[in-house]
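The two complexes that follow have chain A in common; it is paired with chain B in the first and with chain C in the second.
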Partner chain A sequence: MIAASAATVLYVYGIVGADAADDVEREVASAALGQTPRLLRAGSLAALVSEVPLAEFGADVLPERLNDRDWLEERVQAHEDVLEAALARTTVIPFRFGAIYHGNGDVARMLGERRRELEEALERVRGRVELGVKAYVDRQLLEERLRSASREASSEGAGAGRAYLLGRQAERRVVAEADEACAAAIAEAHERLSAIAVDARVNRPQPRELSGRPEQMLLNGAYLVERGDSRIESEVESLRTAYRGLGIAFELTGPWPPYNFVDDEEAAA
Partner chain B sequence: MSVTERRSLQEEITLLDLVDRVLNAGVVLHGDITLSVAGVDLVYVGLRVLLASVGTLEELEARSER
Partner chain C sequence: MSSGELGAGARLARSGGPAPAQLADVLERVLDKGIVVAGDIQINLLDIELLTVKLRLLIASADKAREMGIDWWQGDPFLSRSAQRDGDGRLEQRLRRLESAAGLPVDEKEER
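The block that comes next holds the complex of A and B.
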């Protein structure tokens, strides 16, 4: 028996096609990663795996580890770095963080048992990458713009009392109009981006407490595109131009491994 | 070395962007193989991580902002 402190388990980052395994192996070996993963081949598939200490990844300690920001950042970054290195060479099926197996045999068995499902996922995303588009609204700026527009429309010739009431009415209208403008903006943006993308997902907007940004996130979208397709980039640029005046900003991230397009069970989760 | 330096399109990748994907998306294979390491059933680790991440992040950000 190995002493518990030295025990390791296998961490699976994701899957690539076995045909690209040699290529990926060379890439990850030269990518100066914190930890060089190896490829575990089984049939048509190959898993990117690393030995990790059981002392860090055991089910009993993992929840606690996730509360350690430094640990979390390092491990989440390592997960992403490995998959991105592989993504530079081939199509990648990213696993969610924390897929832990006891040993080579367990990973090989998993690849065997889930072969069809994983092959189908690989086909769905073959040659494709994920792009992220987030939209934020500067609510104060938006309301100011709407307020000055309505002031121009109706400012003349009322007494003080009446002006006060009209002012309150106008203010309520501004808030409602701002809500509508935000809803319309994200609907239009998502529709335009989805029309270009092979597939699209809308995720929950990241809450302000977590994003640390003063603006409210309106859209947290993921778009699956052919690698090298720059149309989303152009579309985001055009959305930026269209919505800048309303205080709505767009951010593009990626290319990411297609995290949002590989799990059929996602909807049920 | 960091993700930020290697990306082509992005303006700003935060830990939150990473966590949003790495912890909240990707293939989860649970319920298929019963993994038992050190007597602990790890089948639902992925799920636990998902659940844990919400509370984790709230705590993280609260700490980092103050």
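The block that comes next holds the complex of A and C.
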């Protein structure tokens, strides 16, 4: 048996078309952390792979590694960096983290067995990238805006008890109106962005612990667009202008490899 | 949920340096999206318990978490606004009765 410290397995980042393979290989070489990624060609497809140590990715040690956040973050970021470097040159089918094979032969066999599915996915996203659009609400600001709007209409000269109850009623209305304003904002934003995009997905809004922002996330959308299409960017700018006064902010990220648009099951759902 | 678990989650979001939102987006995509490969893979990561419950909850969808039998966040006011509202429910009902008794104008939005 080979010493565990020297033994390696193959990590697959994703797939590109074999036609673009040479360009991609040059691009990813500079982006690599650790082992230089390379391309493993099989027919019309090429897998982006790296040798990784069995001591880190072996079945017996991996679960423990995955609970080491620093290790996981570094690996996940490397996965993304390699795919982004490839994306600069060609269409990319991103794999989820952790596709690990014994060796070249196993990767080639996987490419052969899944050829049709992967070629279809490649066609679906060819020349396209994913953009992320998120909306956040500063709930305090939104409610304050609605409150000051309703204060002007509030009654004067009522008794103290009655004024308190009217105040409570107005406050409840502000909360309900804020909910409605948020729902309307994300519905309009997603509709406008989807109308421009080739395809669209809505993901669960990230909780604050993950987003790292104090505001509540309202929308976590992914939009598939032709590479270089700047219409989503313009639309986000227009949404920013329209909703700034209500404390609703929009954030654009990407271009990403089309993570949200390559999974067959998800596309069918 | 213990505050220790929350702290670990917050660290996850922050430790990327100047762009925490970007790291969160990377984690969400790379761990939860993309093509899932099974078959002759030596290690199928998705079949093993790969992340802590907290990390999975942050990244997986609510439905997925529920399938795993995790539902405590529904009662966690920090993670669920609806849980917050339920806590106020009784007070709201009492106010409604008082308003009605005092003959205050009906709140159309809420009566609809």
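The definition used in the following text is that the second predicted complex is superposed on the first by the 258 of 269 C-alpha atoms of A that agree within 3 Å, B and C clash if a C-alpha of one lies under 4 Å from a C-alpha of the other, contacts with A are read in each partner's own complex, and residues count from 1 in each chain.
The working rule: contacts are C-beta pairs under 8 Å (C-beta built on N, C-alpha and C of every residue); 3 or more make two chains touch, one makes a residue touch a chain.
Keep in mind the model is a prediction, meaning the values are calculated, not measured.
**Q** May I ask you to decide whether A:Ala7 touches chain B, chain C, both, or neither, giving the answer as first, second, both or neither?
**A** First partner only, chain B.
**Q** In the superposed arrangement, does A:Ser148 touch chain B (first), chain C (second), both or neither?
**A** A:Ser148 contacts neither chain B nor chain C.
**Q** Figure out whether A:Leu131 sits in contact with chain B (first) or chain C (second), or with both, or with neither.
**A** first
**Q** After the superposition on A, what does A:Ser234 contact: first (chain B), second (chain C), both or neither?
**A** A:Ser234: touches no partner chain.
**Q** With the two complexes superposed on chain A, say which partner A:Gln140 touches: chain B (first), chain C (second), both, or neither.
**A** neither
**Q** Is A:Asn203 in contact with chain B, with chain C, with both, or with neither (first, second, both, neither)?
**A** Both chain B and chain C are touched by A:Asn203.
**Q** Is A:Asp70 in contact with chain B, with chain C, with both, or with neither (first, second, both, neither)?
**A** In the superposition, A:Asp70 contacts chain C only.
**Q** Does the superposition put A:Arg168 against chain B (first), chain C (second), both, or neither?
**A** Second partner only, chain C.
**Q** Which partner chains sit in contact with A:Leu252 here, chain B, chain C, both or neither? Use first/second/both/neither.
**A** Touch status of A:Leu252: first partner only.
**Q** In the superposed arrangement, what residues of chain A touch both chain B and chain C?
**A** Overlap of chain B and chain C footprints on chain A: residues 9, 14-15, 58-59, 62-63, 66-67, 69, 72-73, 76-77, 79-80, 93-102, 106, 109-110, 113-114, 118, 121, 132, 203, 206, 209-212, 251, 253, 256-257, 259-260, 262-263.
**Q** Can you tell me which positions in chain C touch chain A when the two form their complex?
**A** 6, 8-16, 20-37, 39-43, 45-46, 48-52, 55, 58-59, 61-62, 78-79, 81, 92, 95, 98-99, 102, 104, 107, 109-110
**Q** Any idea which chain A residues touch chain B in the complex?
**A** Contact set of chain A toward chain B: 4, 7, 9, 14-15, 32, 54, 58-60, 62-63, 66-67, 69, 72-73, 76-77, 79-81, 84, 93-102, 106, 109-110, 113-114, 118, 121, 131-132, 203, 206, 209-212, 220, 222, 233, 251-257, 259-260, 262-263, 265-266, 269.
**Q** Sort out for me which residues of chain A touch chain C in the complex.
**A** Residues 9, 12, 14-15, 57-59, 62-63, 66-67, 69-70, 72-73, 76-77, 79-80, 93-102, 106, 109-110, 113-114, 118, 121, 132, 161-162, 165-166, 168-169, 172-173, 176-177, 203-204, 206-213, 216, 251, 253, 256-257, 259-260, 262-263 of chain A touch chain C in their complex.
**Q** Which of the residues in chain B come into contact with chain A in the complex?
**A** 1-3, 6-29, 32-33, 35-38, 40-42, 44-46, 48-50, 52-53, 56-65
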